[in-house]
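Read through the structures below before going on.
Below are two complexes that have subunit A in common, paired first with subunit B and then with subunit C.
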Partner chain A sequence: MECQLGNQKPPLFLNFTEMKKRIIIIGGGIAGMTVAGALPSNEFDIILIEKEILPGGHVAKWDRLFPSRRPAKEVLDFVQKSMAKNVVIKTGSTITTIHRDQNLFTLHLNGEEPIVGDAVVLATGFDLFDARKKEEYGYGIYNNVITSEELEQIFHEGKKLTTSEGKTPQRIGIIHCVGSRDEKVGNLYCSKVCCVTGVKQAIEIKEMLPECEIFSFYMDLRMYDRNFEELYYEAQQKWGINFIRGRLSECAENPGHSLIIKTEDTLTGHPLKMTVDMIILLVGFVPSPETKRIARMLDLQTGQDGFLLSSDEHYNDNSTSVPGVFLTGAVKGPACIVNTIADARATALQIERFLITGISE
Partner chain B sequence: MKNFGYTIQRDQSIDIDQNDRRIVNYLLSLEPSFNLCLGCGSCTGTCTAGHFVDFNIRRVHTLLRRGESKQLKTEMKKCMFCGKCQLVCPRGVNLRNLIITIQRAIEQIG
Partner chain C sequence: MKIEGKRRIWKDYQKEIAEDRYFYVRSCVRQNFFPGSERTFLRIMKDELNKDVFENAAHTTCSGIGYHSDIVPFETVMTMVARQFALMTESGYENFTTSCITSFGLYTEILETWQHFPDVELRVREHLKKATGREFIVPKNLSHASDVIFKFRKEIANKAKFKLINKHTGKPIQVVEHIGCHYSRMFPSKGVGGAEYPYVLVGMIEDWGGEVIDYPERRHCCGFGFRQYLVQANRGYSLSCSKKKFDSMAPYKPDCILTNCPGCPMFLDRWQYALSEMEGITYGENGQGIPVLTYEELAGMMLGYNPWDLGLQVHQVPVEPLLDKIGIPYNPEQKFLTLDGMSIGKPETPTFLKFY
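== the complex of A and B ==
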């Protein structure tokens, strides 16, 4: 008697002596590496393509992670170790063209033999918003305006936070929603993780510089996930961070390179101005031009926000309108690591099913 | 009778049931972007007039939304039409047109 799985018979053509099917994963961040690690490497040929010299993506730049503040390296190592030895990792590789013919994909990399595969995963992540586009905040004009990415780098390298003049800052402003929720820069969406990143970084500055006063300027504090609200609570209770509900209107430089910032304190209903030694801009996620280029070559759809669209936001959030092309991680929009890893594992299951049964949805 | 100095205070709460929201409905019909305000205060933070006199454009238009139009006429006279508020609004509210329309509404009501 044949074994029955519900109404579905197990596929009879499952035959491991056939040539292995090949999966090409583009992007070696947390998302791409997790997919590579979750796929059975004895059943498939897995190739991971990363444009940078080292894999890791954005997480490789972060120091400690919200909300627990465990070192980012721990998570990165875990994900890297999850990949079997026979996963082929090509770093420093740029894709020149990619096209689909019948059910096969052909990728041309810079100066190498083309690669042919049965499935393609786009795990190319996101770019950070270029803060220079918000000229009124003075990034790239005033030296004491830095981004959350740069602050992470300072923490990561174990450096001391100083002003551009080498002084210990006495007062720092943390500015939320830079490049997000702002139709002036064309990004209506919320970047989801910058609120909690801002709270985390405020605490970390206080740990480093206990005397420094910190003021966060926000429109809404989006503490949506487990232990985020608790981190906000800790920031107030233990560290005395000041939260002011008002979006930064403008920033100007004083003689001596301190900054004067203007906003409305909407909870008191008064315009507010104050002098700070530096401001940290919590820059948001933007879709990367590279992703858009690859998406065009594969005829993939993008949402109004510019991030890639899956077949169905609820039921098929990893497949696309093109059979054999899958999406995973922040390529679909702002996401934290927990969500990215869960998403990548779901992607691996979808690909496996597709390559065994031909069902892409 | 001894005067203890107490008077009966008018209820200070915003009474949406009693308030006259005709002005806001008129404004919304002429400037629908007014619906998009998320109350961030950027307009007030940058307002030229608000840094010199007691004037808060965000507060004025938020109160108006609730049907509170007391002292609207004197408040709106403080605006200098510089348009800076519109430049910084993250929701693209057409504040210049909104302010002009508020002024027209005031003229019509008298």
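== the complex of A and C ==
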């Protein structure tokens, strides 16, 4: 399916002596769209392939963004508008095979003619950790255990946050590091953005439900970027949100569907048991199986964390060991929007250099 | 509670349980605690299900309690377990079934260790050979006896004379299930249903007509916890663990507690008596306790075995209220008689716990 954003349809199987070089971008999140927007569209044919019906990736699901709480739509609109009209966007498309032959890449999409291109960008992003895997937290079993993604959806749809019984929650627990920094689930890495997302969401709950008590259970608060620490201060000073350093060990359901959580307060050195009306699990990033499948077809390398590896983590972080294949955005691991956009712009420059000079590094 | 969430997890944790020809090893403590249980297992397996279950008289303790109390070192324990495997091999069996949960956990831990460190297995083989001249093959299938009853739960349901239904209300009997820690907490994939929402007892309860209670302290320790009981000074801790569980389950009005470990029924049963004497608290209706059963006892009850043949008279919390609810007949006159009619003596009447 071709999306309304693109309005020209070049022939897909090309005679390359006469035609412009073609770049195929896989993934229409902010990373993929930014690459498409940053490349000179008069010099190259640009095709963006997105598996969902609409582009936008995860950001399309978020309501307001940290740290300033500007609407996510503003950023999304900016990135979408930055793409020239002649970028062809194919949505609802699944790649069946992809292979490289003599510096050309041939992609087969389900039920369509093959597409041939000179460079491929993998901008397939990430998946969210499946919280059901932390069985002891009871996601998918206890009614009032939800994820940060679901909370964003509630905000996004302008709904009121209620318990599964339709009551206004009086006390909410926010659980950090769900599926990240956790050897038990096999993910040692930090997902970087969930701490600040948790702080942002706590404030947003307070704005919506001023009477609600909020307890955030964290391992460390990783407020690494500009204005993050300030947001954390605001959460405590202005909104009275409680931050307790301790990891959740288990959650169980009380009669009446409130939850009992067991954790510890490592600063006071005491185990802690608390009743809350609901808990919000800050789910982390995981590499997507689709990305892994495409990476296998292209012979790309993955790191120990399962995310894709670039040629060099410092000075060649967008090219790969396969000339003509580039990586951008969260396909390489957890990243916020600022970093994703900067990374995507760098990717565009590298592709351009590659297609003009043949140098991929 | 979304039951489909639990069902999804249960699907993820299926395990292979042998169909027949079991080499059965008893527990070193269960026959004192609940003397009818192992006998009932053998009776069901042989008489009802026509299975080949073999016991070897040379079998000894696995010393799991010593191991988990930091008294017996792992090397020693592994060699003792290797000897049990040798007994199985010499008897011509390949499927090893344990009565005890701690043994099951220990056997699982040892087999996993050997799988990851084959040199350790070789060393243990050498130790065993030097000490006893014996050799062994590693079991083809390792199961706990509750796995086996779980496997045949539908066959038992088909032969059952009773269902877990309250005959006065027509409603399912409400059951609290409690799994021994060493069943699947160390190796979730080795237990039916995993570690967080184990299915092994739930499957029996559901197929026999009852309903399972999910209460907040479901995962909490039964009160045994090894050193919290074995070290005398810690026993208050043991008692408080059990109390925490009773306090948490009581609002759901359970009709009974079902267990699959030697220690859990012991502590959940005996500590109800201790708590009633110390605090005057009882957790059932009208001064009754909450009867605590082993899965073999429950299977035997469903099959219509005489409650006194199952050993229910040695429970500290009387089981009669449950028998009455289900409609299982029993003769109070025979409660404290041996099979040949001799008196086994009558316990003292508790101060608060209703006695039958």
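As a convention for this text, the second predicted complex is superposed on the first by the 343 of 361 C-alpha atoms of A that agree within 3 Å, B and C clash if a C-alpha of one lies under 4 Å from a C-alpha of the other, contacts with A are read in each partner's own complex, and residues count from 1 in each chain.
Here is the rule we use: a residue touches a chain if its C-beta (ideal position, glycine included) is under 8 Å from a C-beta of that chain, and two chains touch if they have at least 3 such contacts.
The shown structure was predicted, so the numbers you read here are calculated from the model rather than taken from an experiment.
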Task: Which of subunit B and subunit C A:260 touches, first, second, both or neither - done: second
TODO: Once the structures are superposed on A, label A:250 by its partner contacts, choosing first (subunit B), second (subunit C), both or neither.
DONE: both
TODO: With the two complexes superposed on chain A, say which partner A:142 touches: subunit B (first), subunit C (second), both, or neither.
DONE: second
- [ ] Considering only touches as defined above, state whether A:80 meets subunit B (first), subunit C (second), both or neither.
- [x] neither
TODO: Could you look at A:132 and tell me whether it touches subunit B, subunit C, both or neither (first, second, both, neither)?
DONE: second
Task: First (subunit B), second (subunit C), both or neither touched by A:319 - done: neither
- [ ] Kindly classify A:124 by the partners it touches after superposition: subunit B alone (first), subunit C alone (second), both, or neither?
- [x] neither
Open item on the list: Let me test your reading of the model: by the given contact rule, A:340 touches which partner, first (subunit B), second (subunit C), both or neither?
Closed with: neither
Open item on the list: Of the two partners subunit B and subunit C, which one touches more residues belonging to subunit A?
Closed with: B
Open item on the list: Show me the subunit A residues, by the header's touch rule, that subunit B contacts in one structure and subunit C contacts in the other.
Closed with: 136, 250
Task: subunit A - residues contacting subunit C, complex - done: 132, 135-136, 138-143, 250, 252-255, 257, 260
Open item on the list: So in the complex, the part of subunit A that touches subunit B is made up of which residues?
Closed with: 136, 177, 181-184, 219, 245-250, 262-266, 269-273
Open item on the list: Considering only the defined contacts, which subunit C positions touch subunit A in the complex?
Closed with: 1-2, 5-6, 8-9, 194-197, 214-219, 251-252
- [ ] Under the touch definition given earlier, write down the residues of subunit B that touch subunit A in their complex.
- [x] 38-47, 50-51, 56, 58-59, 88-92
